[in-house]
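Both complexes shown next keep subunit A, but they swap its partner, so subunit B is in the first and subunit C is in the second.
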Partner chain A sequence: MQAILLALYWCAPDRIWQNRILLLGSLLFLFSLGKATAAILIVSTALEWAIALRLEKTETPRGRRAWLWGSLALNIGLLAILKFGRFFPSGETLFGSGSAWLKTLIPVGASFWTLQKMSLTLDVYFRRRHAEKDFFACLLFAGFFPTVLSGPIEASRNFLPQLEKKRAWDVRRFSEAIWLLALGAFLKAVIADNLSPVTEVLLKPGARGGSVLLGGYAYALQLYGDFAGYSYMARGIARAYGIDITQNFLAPFLTRNLSDFWKHWHASLTAFLNEYVFGPVSMRLRDRGTFGIVFAICATFLASGIWHGTGWLYVAYGGIHAAGISFLAMTRTWRKRMVTRFGKEGWYAIVCILVTFNWVVMSFLVFRSADLTAALAQLGALFRGGWGLSGVSVDWGTLGLSGLAVLWLQSRVLASRDVFWIFARPVWFRVAFYLVLGFLLTRFFAPPDRFIYFQF
Partner chain B sequence: MLIPPWLRSPFRAFPAAARACAVGLAATLLTWIGARAGHYDARPRVFLLGDSFIGNYRYAPGTRLEDDLARLDPDCRIDNWAQSGAEPLDFLLQLHRGELLAGKPRAVIVAFSADKFIAHERRPRTCSHGTNLAWLPWNRVGWRVLRSLPPGQQGLAFLQKAALYLYGGADAALAVWREKVEWDHDRRRMCRAQGDRYQRILARAREKLAYLDSLTIPSQPAFAALPFARDAAFMLRGLREEGVEAHVVLLPWGNPEIYARVCTPKALAAREALTTRMRDWLRDQGVPVLDLTAPEALSHFPGRTWDDANHPKDAAVFEYMSRRIVETWPRPGNWPVGPVAASEIDDDALPADGDLGMGGTDGI
Partner chain C sequence: MTRTELIPAVARIASSVIGEGDLDITPETAFASVEGWDSLNHLHIVVGLEKAFGIRFADSARLQSATTVGDLLDMISSARKP
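And then the complex of A and B:
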């Protein structure tokens, strides 16, 4: 199916046909996910498109603000109704605990495409782009099949201009697309799916400190493989169609502080929240000094936590990161002195990387837990000790090799600040690397697990 | 004219990827030629197909089943293609792997125990996540197996087949590594095992065999309709269609001491009933069967000859087995059942599409 679509796409005579083929592919994909998902996305995109057009025509600030709030109410309200019902203390949805019909309506990937769709209005409100007159272009933007399930969350000002000209075939870009697909498949099928049973064993209920710590590391690698793998593949598929989308992951486990971590991990969500939550809030509180910054950080990570999912668990997940970054904001001067004293590289950098990584692992343990009680139990085990691993069957080979592979790949990306580092290497290295990658991919893959981020 | 330039000169368009493919293909070709040369033998060839009972790391080179058989009948060349975790469909794929790397056999000996068709937990149709699908043959048998797979697995089969031609060399290296390094390491570890290992084995066996207590014994037709049984029937008929003589060894079902310790009387009765079903099923297949579950044969498999619940470790076991096999040795022209006509093999022999996908199967 993909091959046919791709062949038709590149045989298309002009951009209009290219866009139609992409839209057709996206609609087919959406309907394959479920009629409810497709219907909700199409109707809400139509409303968003109409609001953006009206917003552009409105001149008065008050009127513009009203349309913006209308859009926010529409999107956040829809998400709240469909996803966040369980936020209520009783654990029920907005329509009661027995709303089985509501479950059938919950669209796949709603958290992702709702944010993406919102940028249609936000970009017009902040005058970053004119309102798109072509509804089908908006629909393609909101439901673009590589990104509709789990992002990256694209801004309309980056995506829509690409639809305005014909995409020309480029062998180099196609090679890059294949590279992204292969790398993404490796991270998902070889790293994440092989680590899934390792994590299950280590983080079973009642696990002791050592097991939880090791399980946290395993889960961090698994989550990276799963989500970064999906993002790489999504970007690779988009690139095969000549469309550029945001780089969502770089080298998150080699960053030296939490602030940097969020520039490397789910970067598209970070950029969105930075632009529309942290930026406006910190600007409004700019006279309040550090307090203003800390308040903006807390607001941003509260939004991030709530965006991730239902219940207080995700608020706690956001809270851990908010606490970490607030600490960074409050100790800025002290940290600068440390850098001056010890230098940017060397053991100080290693300590920073280790502290950041372990803080992130702690937040991931919360993120993975079924509820807040389970999360607290695991964190408690972590701080209570019990570091022996007797009675725990640890697959050291899978864990160790996966860790080394991820760290090596991230170090390459970090060194060149680019995921296409491979193309700068000599041909012999690429030949050997492709052979090894293909071999691992076809011989050491695990039975596929559902992508973790599909639940959002 | 219609061919785009990048397809006309792939080495220029994709210098590294095209070279990687060329290197992979060349390595595969060389490996396969080397394997054929290494396996060259004028004597009739017999393949052993089975799971970890036959392909067993607990035996050092020189004491394995193929070594005993070769000593007893030096007129035959014995190749062991058994693989740990292999399912009935894997047996068929192992056969085609052997045919590609060694040549067509005159006969095969397929060995499995009476629990082979019982899927008490979700179990995939082929082992190693379906990597064996790479050995699917380019013939009618292969086509029928392919059609019986769910769509996702058909895609996997194509991917694995493509990878087979690129990674034949690496596969060979991996196989050598497993046999020379991993098996050796595992054997040493087994020899050094501490006393509590036996307790762990008991605990694991208790866990794994708990299903026998709640198992409903299927009727004979229901037993024959089990997805794994249909795969096995298809394999046996496929062998005969291809003119390969098949001989089945019904292996003892596990370490009697461990079973006696961890199984309830009900579970032991279920085990007996299933063994009877398997015997009857084998009789219906019209293949010669060496039944090692008969009381006289079982006396050669006492508890001390087993390493754990399901794997023997004593050289005497394979010596006995090879003696019994050679007594009923398939000799050219001396088989009770000749090759069947292709028309006898119907598509119903295989599980229907989606019936037993790689995602697993429910219990009987």
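And then the complex of A and C:
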């Protein structure tokens, strides 16, 4: 199916046909996910398109704000209705505990494409782009099949201009697409899916400190392999059609503070929240000094937590990051002095990387837990000790090799600040690397698990 | 003061906030292209500019949509007009 679509796309005579073929592919994909998903996405995109057009024609600041709030109410309201129910302590939804009908209505990937769709209005409000007149371009943007399930979350000002001219075939770009697909498949099928059973064993209920710590490391690698793998593949598929989408992952486990971590991990969500939550809130409170900054950080990570899921667990996940980044903001001057004294490299940098990584692992333990009670039990185990691993069957080979592979790949990305570092290497290296990837994929291909982020 | 005359003052304030030595910026410089010009430092730079020039950036939508040094220069010029 993909091959036919790709062949038709590159045979298309002009941009209009290219866009139609992409839209057709996206609609077929959407309907394959379910009629409810397709219907809600199409109807809500139509409303967003109409709001953006009306907003552009409105001159007065008050009127423009009214349309903006209309869009926010529409999108946040839709997500809230579909997702918020489980906030109640009983675990019931807004529609009662027996809401099987609601489950069938919850659109796949709604958290992702709702934010993406919102940028149609937000970009017009902040005068970053004119309102798109072509509804089908907006529909393609919102439902673009490589990104509709789990992002990256794209801004309309980056995506829509690409539809305004014919995409020309380019061998280099197609090679980059292949690289992203190969790398993504490796991260998902070899790293993440092989680590899944390792994590399960280490983090079983009642696990002691050592097991939880090691399990946290294993889960961090697994989650990275799963989500970065998906993001690379999504970007690779888009690139095969000549469409550029945001780089979602760089080298998150080698960053020196939490603020940098979020520029390397799920960067598209970070950019969105930075632009539309932290930016406006912190600017509005800029006369309030540290209080204003900490308030804006908490608001941003509260939004991030709630975006991830419907429960106090995700509020706690956001809270851990809010606490860490607030600490960074409050110690800004002190940290500058430390860098001046000890330099950017060397042992101080290593300590910063280790502290950041372990803080992130702690948050991932919460993220992975079934509920807040289970999360607190696992975090408690970390502080109660029990560091021995006797009686725990650890697959050291899978864990160690996965860790080394991920760290090596991230160090390459960090060194060149680009995932396409391989294209700067000689041809023999590239060929050898692809052969190794191919071997690892065939030899260690694990039974595929569902992508973790599909639940959002 | 013209836009060109404002640049050294903006560069000085941004450099002191980011702490990376003297910044070489032009009106075309995008914030995203300057290492260390992140959202938190941007906030400190905006506050620093308001203090240094004795102004207030009142248009929040315009403040939010600024992406280059040139946008900041325009906003300073507008805010300084009597």
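Basically, the second predicted complex is superposed on the first by the 456 of 456 C-alpha atoms of A that agree within 3 Å, B and C clash if a C-alpha of one lies under 4 Å from a C-alpha of the other, contacts with A are read in each partner's own complex, and residues count from 1 in each chain.
By our rule, a residue touches a chain if its C-beta (ideal position, glycine included) is under 8 Å from a C-beta of that chain, and two chains touch if they have at least 3 such contacts.
Remember, it's a predicted structure, so these values are computed and weren't measured experimentally.
Student: Taking the superposition on A as described, I'd like to know which of subunit B and subunit C A:S175 touches: first, second, both or neither.
Tutor: Only subunit B; A:S175 stays clear of subunit C.
Student: A:S282 contacts which: subunit B (first), subunit C (second), both, neither?
Tutor: A:S282: touches subunit C, not subunit B.
Student: Between subunit B (first) and subunit C (second), which does A:F445 come into contact with in this model arrangement: first, second, both, or neither?
Tutor: A:F445 sits against subunit B, while subunit C stays out of touch.
Student: Looking at A:V431 after the superposition, I want to know if it touches subunit B, subunit C, both of them or none. Which is it: first, second, both, neither?
Tutor: In the superposition, A:V431 touches subunit B alone.
Student: Have a look at where A:R417 lands relative to subunit B and subunit C in the superposition and call it first, second, both or neither.
Tutor: After superposing on A, A:R417 lies clear of both subunit B and subunit C.
Student: For the complex, which residues does subunit A have touching subunit B?
Tutor: 169, 171, 174-175, 178, 427, 430-432, 434-435, 438-439, 442-443, 445-447
Student: For subunit C, which residues count as touching subunit A in their complex?
Tutor: For this pair, the touching residues of subunit C are 19, 38-40, 43, 46-47, 60-61, 63-65.
Student: Where on subunit A does subunit C make contact in their complex?
Tutor: Answer in residue numbers: 61, 64, 125-128, 259, 263, 274-275, 278-280, 282-284, 286, 293, 329, 332, 336, 339.
Student: Please give the residue numbers of subunit B that touch subunit A in the complex, ascending.
Tutor: Residues in contact with subunit A: 4, 6, 13-17, 19-20, 23-24, 124, 129, 131, 159-160, 163, 166-167, 170-171, 174, 358-359.
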